[in-house]
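Chain lettering (A, B, C, D, E and F) follows the sequence in which the chains are written, and residue indices restart at 1 in each chain.
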Amino acid sequence: MPDVTVTRRLMFNAAHRVHNPALSDAENLRLFGKCNNVNWHGHNYTLDVSVRGPIDERTGYVMDLGALKALVTARVIDQADHRNFNVDVPFMQGIIPTSENIIVAIWRELEPVVRPGRLVRLVLWETPNNYVEYSGE
Amino acid sequence: MPDVTVTRRLMFNAAHRVHNPALSDAENLRLFGKCNNVNWHGHNYTLDVSVRGPIDERTGYVMDLGALKALVTARVIDQADHRNFNVDVPFMQGIIPTSENIIVAIWRELEPVVRPGRLVRLVLWETPNNYVEYSGE
Amino acid sequence: MPDVTVTRRLMFNAAHRVHNPALSDAENLRLFGKCNNVNWHGHNYTLDVSVRGPIDERTGYVMDLGALKALVTARVIDQADHRNFNVDVPFMQGIIPTSENIIVAIWRELEPVVRPGRLVRLVLWETPNNYVEYSGE
Amino acid sequence: MPDVTVTRRLMFNAAHRVHNPALSDAENLRLFGKCNNVNWHGHNYTLDVSVRGPIDERTGYVMDLGALKALVTARVIDQADHRNFNVDVPFMQGIIPTSENIIVAIWRELEPVVRPGRLVRLVLWETPNNYVEYSGE
Amino acid sequence: MPDVTVTRRLMFNAAHRVHNPALSDAENLRLFGKCNNVNWHGHNYTLDVSVRGPIDERTGYVMDLGALKALVTARVIDQADHRNFNVDVPFMQGIIPTSENIIVAIWRELEPVVRPGRLVRLVLWETPNNYVEYSGE
Amino acid sequence: MPDVTVTRRLMFNAAHRVHNPALSDAENLRLFGKCNNVNWHGHNYTLDVSVRGPIDERTGYVMDLGALKALVTARVIDQADHRNFNVDVPFMQGIIPTSENIIVAIWRELEPVVRPGRLVRLVLWETPNNYVEYSGE
């Protein structure tokens, strides 16, 4: 059977502050500028979750996208939506919440549990003008 | 000369919490649900600023959109971008930061100073699925 | 209090066929072309529901958009989503399912029940290149 | 019958230079900045043409959008697409090609010929961040 | 010469029903839920066709995108647009019309005839929130 | 550290004419059609610049996207925005300004200077319906 990649897009809103607690306030401000604002700021994040595998002859699906949505909602969206990445989100404890670190943490949440098919790519849009991609490498 | 409406779209990111300090925590939670999250959440806001007036025969413009962008940036974007609406933004002090209240406050910042042409409409998108409009009435 | 318009966007998918049963097949084909295809075709519809009213001082809301979403979902989306407008949708019985007729029927479903605030505008996108608007007139 | 507004969106690409030949080069540069570049620049324009009228009971249409598309294509798109607004476009001869002037000129091309229904609004996007509207006033 | 990938996006509207005729109605309903609706539903599909190859020094093109559009229109869009995937579309006869199966069938239509350059990727959006990709593997 | 790809999107507007001066006017018209219009046409170009590398533990960044934006603005946007690709743009001298050739020229401008991380992909949208990709091969 052909190998197809299927993607489900989900959105969530969160606050964050780009801040490394191991550095001084002055160094944080120099490195992160307005993204370091002490009272936080936030984004409407868009997450594309891509799963690859052979088409199941019985269903015509690589994976039921309703099941994928439910899985990502439970593991990621319910943890992060309307929350603060620095304070509230279990899978981000102790990690600077840049998009790069968020996407790797989401990968670690999802990769072991996405079945059938395998997680092959995440894309996370922080704004309409910047996004990050990760494929587990 | 014909009366044309010109619009400039700008974006900014901010944190907020929908919370009425005059009410109990339980009442706030009941009214606002996850939007009341104590550690904030945030959005990529999109703001459309519309100005109407006759076309200036010499320039072919109702208003120079570069000048409009500079004005909105100074009065609104620089105050709100990468900030927290409940804590950091001067024109929102003491106001519950719903989209409805934010757009009325932005109107009050911009209406007296937009010239030539008159401010006729603001549209504020909080997410790709909800937005508010205000025309000063 | 200022009068603000708030909008909630929702999406649904449906099949339809533009066909007037009072006319001959030849006349239907001449009038509607490929939109008359006997085995149906379909669209991802996008619906913007706009409600206007004064801001409630206690909540900062014109209307709770979660409540609006629930109302539109029950009255419109649950009836039309993944259905056939010519066959399955109660509020379209006996009506040619053009976007114009669909939006008027949705207005009649929603206008009496949207509270607080009053329904002031519906916009229905049939494709990214065409949409209809209705304000109850 | 209810009065509904129907809109057809069309796109075209064109070059232009914002320049008033009655003014000096220095004055043009001062007024228009980079938009005055002597060797032109260009845009992907998006045009929304809105027509309002009662729904025809026989068709369920205000107006056949295929007929509207054909009309706008013949009168506007075929004149402007892949052309230069300052040099090539008959309906812009002697007019500074700002979006404001373009939309009024398009209105004058379309208003007398759009039938049935009446032309009620044009929206012209010059970039994803600015657009103009005209309603014939 | 450098190897560049060029993509042409096209849209079409179609009805379908996710249904495996080899299974019982109850099993179909269990597997496919509302996507199994007996009277069909439909979508605005967006198809991105990507072709890769060296740049032709004489034209600066990998492939004339007008020619690519004509080819995809003849082989795919004219077969599927305003049609029913389960009933009307020759290249989908006997195949469950999931996005996965549709994209593989489109690949088989296009891969042998796209020249110059080689077909390297198809992306098919079923809704703004889900899409599938296929590269012939 | 994980290898993540980060992308910054930027926009610019430019005029161009697809024309090979080594060929006759008749041959140019035959090959390029309306894209060969002697008085130019233009586009709103969208450029996605993607950089890959390990996450810097101190910042959580692969690369500061503000620095990437500044670099692309200086090397590409300031050269091409509100300009004519055939006449004004230094890095396109003597090159037919198709999207394919433009993206390869942009790659050659950016690849040697993007640090830290390495440039891994450019995507250039000429219109909402066509785009090109290049990865340096």
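Everything below uses one rule, namely that a contact is a pair of C-beta atoms (placed from the backbone, for glycine too) under 8 Å apart; a residue touches a chain by one contact, two chains touch by 3 or more.
Since we're looking at a predicted model, the values are computed, not measured.
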{"item": "Chains contacting each of subunit B and subunit F, listed by label", "value": "A, D"}
{"item": "Equivalent interface to C-E, taken from A-B, B-D or E-F so that over half of the residue contact pairs match", "value": "A-B"}
{"item": "Longest centre-to-centre distance from subunit F, chain (CA-based)", "value": "C"}
{"item": "Computed distance of Cα centres, subunit E from subunit A, in Å", "value": "28"}
{"item": "Distance from subunit E to subunit D - Cα centre to Cα centre, in angstrom", "value": "33"}
{"item": "Residues of subunit A touching at least two other chains", "value": "128"}
{"item": "Arrangement of touching chains [line / ring / star / complete / other]", "value": "other"}
{"item": "Chain pairs that touch, as defined at the top of this document", "value": "A-B, A-E, A-F, B-C, B-D, C-D, C-E, D-F, E-F"}
{"item": "Subunit C residues touching subunit D - in the complex, by the definition given at the top", "value": "18, 20, 22-23, 31-33, 95-101, 103-104, 128-134, 136-137"}
{"item": "Residues on subunit E engaged by subunit F in the complex (per definition of touch)", "value": "2-10, 50, 55, 58-62, 64-66"}
{"item": "Complex contact set, residues of subunit B against subunit A", "value": "11, 13-16, 34-35, 37, 39-44, 81-84, 87-88, 127-128"}
